[in-house]
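Here it is, the structure in full.
Read from first to last, the chains carry the letters A, B, C, D, E and F; within each, the first residue is number 1.
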Amino acid sequence: MRTALYPGTFDPVTNGHIDLIQRSAKLFDQLIVAVAINRRKQPLFTVEERLAMLEVVLPPLPNVRLDHFEGLLVDFAKKQGVDAVIRGIRAVSDYEFEFQMALMNRNLAPNLETVFMMPSQEYTYLSSSMVREVSSLGGDISTLVPSYVLAQLQTKFAEKKS
Amino acid sequence: MRTALYPGTFDPVTNGHIDLIQRSAKLFDQLIVAVAINRRKQPLFTVEERLAMLEVVLPPLPNVRLDHFEGLLVDFAKKQGVDAVIRGIRAVSDYEFEFQMALMNRNLAPNLETVFMMPSQEYTYLSSSMVREVSSLGGDISTLVPSYVLAQLQTKFAEKKS
Amino acid sequence: MRTALYPGTFDPVTNGHIDLIQRSAKLFDQLIVAVAINRRKQPLFTVEERLAMLEVVLPPLPNVRLDHFEGLLVDFAKKQGVDAVIRGIRAVSDYEFEFQMALMNRNLAPNLETVFMMPSQEYTYLSSSMVREVSSLGGDISTLVPSYVLAQLQTKFAEKKS
Amino acid sequence: MRTALYPGTFDPVTNGHIDLIQRSAKLFDQLIVAVAINRRKQPLFTVEERLAMLEVVLPPLPNVRLDHFEGLLVDFAKKQGVDAVIRGIRAVSDYEFEFQMALMNRNLAPNLETVFMMPSQEYTYLSSSMVREVSSLGGDISTLVPSYVLAQLQTKFAEKKS
Amino acid sequence: MRTALYPGTFDPVTNGHIDLIQRSAKLFDQLIVAVAINRRKQPLFTVEERLAMLEVVLPPLPNVRLDHFEGLLVDFAKKQGVDAVIRGIRAVSDYEFEFQMALMNRNLAPNLETVFMMPSQEYTYLSSSMVREVSSLGGDISTLVPSYVLAQLQTKFAEKKS
Amino acid sequence: MRTALYPGTFDPVTNGHIDLIQRSAKLFDQLIVAVAINRRKQPLFTVEERLAMLEVVLPPLPNVRLDHFEGLLVDFAKKQGVDAVIRGIRAVSDYEFEFQMALMNRNLAPNLETVFMMPSQEYTYLSSSMVREVSSLGGDISTLVPSYVLAQLQTKFAEKKS
């Protein structure tokens, strides 16, 4: 049995993430979608909120389970018996940074492969940070995130303003 | 009549910006040069100061007018009846980010085109942030910004030190 | 009145080219779509065939006219009173080469601007050479070129085999 | 059961290819390593020679089998029931071209995923064409290809000279 | 006599820096390794700590001396009679930024050349920031920094936690 | 004494090459400018013509000498006691290829450093192939090559036509 790990901040999950999760789930026996906790960054949504959104919006995929982790990715991957880490790549700058991370992770865990996959072309420009930015300014992002996430974003920004 | 919009932070305006404004003004009937206000960033100059500098240093071009906006670029563009957004490109990393922005803007406003133009080669490396950095350390930037902007920078950094 | 020039090999014209022609035609008073003749390259279609395909597949746009040229782009542009050359950009390697060309052209004709525009996202990966390659191997490219061009490609490759 | 396909020209196979085959074989139930035949290119080694070299130098991996194909990659992949195509990526230019190919292949076969993997860092600069070039000029490539391939290269270039 | 300058933050020095210092020292009569002080950034180690680490871990190279500077690189370089500034390049994004810096520095000091050199391939992915990040999370970086630096990092992060 | 090697095809030498030769000559005790002979490519000018043009157009630099070589760069470099190979870099695609070459050369000759230098900004877009292309089409390249090279190009293309 082969297990893949798709780590991310998912702040919030976008249609691009969902697309990549569906693609990855077809290639591996088990897929762990894990929210990374980084104490030095200030996310818009708490870990609990991010996991709850993933829970609601992911289609029912029997071999996908949600989790979260703090600390080194490779430590979490080892404990979970992960064979491959999935990373989505969209653009060149992405790729540069991803490559550097993947080489560092190979140094830390030589048996853990990093596998790069392409999201659907229509999500090429999509990132959680752009979704947050545009949403906070009142832009229409209804084609970029599930409707549940859209509602959560609107609630969050309404709270912030009040 | 076709209207183009050249948005930017202009903190401060450089010779590279002026070069691009002159090139753009030749291609469109009307050109709006608009200072973008971003409440999350700490500019060196206030919006008023940035607009005043543009006013002083721009050559007299009858079809160019100054403005400023807050919020989504596409909302401002729609209200002003803009046909094309002008973006200067200098390097690959620039281009990656610009491309992502342009695709997001096309999603938000399908009829608004983004048009990329090249500044003169001598300004390839020039950015407002580099101008601020070098100027704050006492470097000679007299070939990179108009003399009026140079004086404003020196005044600003003198204020900060005292 | 401002005139733009969209030069290319168009061997053959693809949906990506048509998309860019429609976008450009909205921004300029007149648009010249010109087939470039390069005696050192072996095109699949003759200049006449390429112009005929453009004639058939372009939507009726009153301010667009077809032409062809041999020799330096800037010489043709000067004779036609062109203000801006339109170039489509899709990817980083594209952009590098395009930038180099544009700087050379500015050296040869300082008043001629090069303007870069983005095709629709669904045509990001599309190029005439890939269309020729896939079509010659029997791949289905019916979503990438107009049906008339599809038929011309099939005829051409049938001739070659017999 | 999931099947992956690692296509290539393998003209000749290098240590970088072998490294990637071993990494891929761990992630999929079955791996097909397939020599692509391109009648328009002039390879140094015949298909038979390239397959023979792969046969000799690949370590015994029970779930890897060799094959070859002509025509469209996606047609071969469909016939073989392939779930994922493996591509090694080394550098940005690589990645640009690979991305374009992968998007075209997704257009032709929406259920076929392309998966990018990194060779070991020591093979970052390694390509078959560089191996051929350096070997033809008498350079020492004994750390870059298996000794059997080294001998075949020397024989081939000795034939060419005589 | 020709003098080169290798400036950096060295927060902390890594095996990649040491590799580049050894390579540079062979090409110039004198090499100044200089810690750059940037009052706007919060380094992990003080300037004194960074210089002390360099002192301990650098191999005895008679033509290398340590120094530090604040303000413009070109001002320091001029005072020291430097002919060339050495910059290590690892990846494309690096190179873009480095190129921009080098062009700005050439504008400020036309006679000062910037020279780009490659670290050993095994250090391609190595940066001080990644070393700090991984070390703070308890990752094993013993192959990436000298043992003395490793101990200093562990002490520093132990202090921070307590 | 340190010796650098600046290899190239120089088909023909451009103002960009001359700029880089002058910059390199200041940093090393001796600089060998060497015309590379590649029997598989069809140059416009013979080796003798290329060397003659270099001889005529290079300014008198006492520590620069001209040479030519065939075969592996590293073999020539070793025989000449070269410490560093100079490569000019202009753009990202350049850099990718140059990096790959430099890593291969380091594999073949570990003690030979590759040093990358920037030509003057005004020659960023300049390459011999573009000079040949534009010159063959009658474009004005008088600011890009010395007048002697300009005359040689005109003679060469006149011969070809007759």
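Everything below uses one rule, namely that a contact is a pair of C-beta atoms (placed from the backbone, for glycine too) under 8 Å apart; a residue touches a chain by one contact, two chains touch by 3 or more.
Keep in mind it's a predicted model, so treat the numbers as computed, not measured.
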item	value
Relative to chain F, chain with the most remote C-alpha centre	A
Proportion of interface numbers common to chain B and chain E (over half same, under half different)	different
Chain whose average C-alpha position is farthest from chain C's own	E
Where chain D and chain F are represented by their mean Cα positions, the distance between them in whole Å	34
Centre-of-Cα separation between chain D and chain B, whole angstrom	48
Distance from the mean Cα position of chain C to that of chain A, given in whole angstrom	39
Overlap residues in chain B, where contacts from two or more other chains coincide	92-93, 96, 99, 103, 121, 124-125
In contact (per the touch rule at the top): chain pairs	A-B, A-C, A-D, A-E, B-C, B-E, B-F, C-D, C-F, D-E, D-F, E-F
Touching residues on chain F, where the partner in the complex is chain B	92, 121-122, 124-125
Residue ranges of chain B in contact with chain E within the complex	91-93, 124-127, 130, 134, 137-140, 143-144
Complex contacts: residues of chain E adjacent to chain B	71-72, 74-75, 92-93, 96-97, 99-101, 103-104, 107-108
Contacting residues of chain C [partner chain B, same complex]	2, 23, 26-28, 83-84, 89, 92, 95-96, 99, 102-103, 106, 113-118, 121
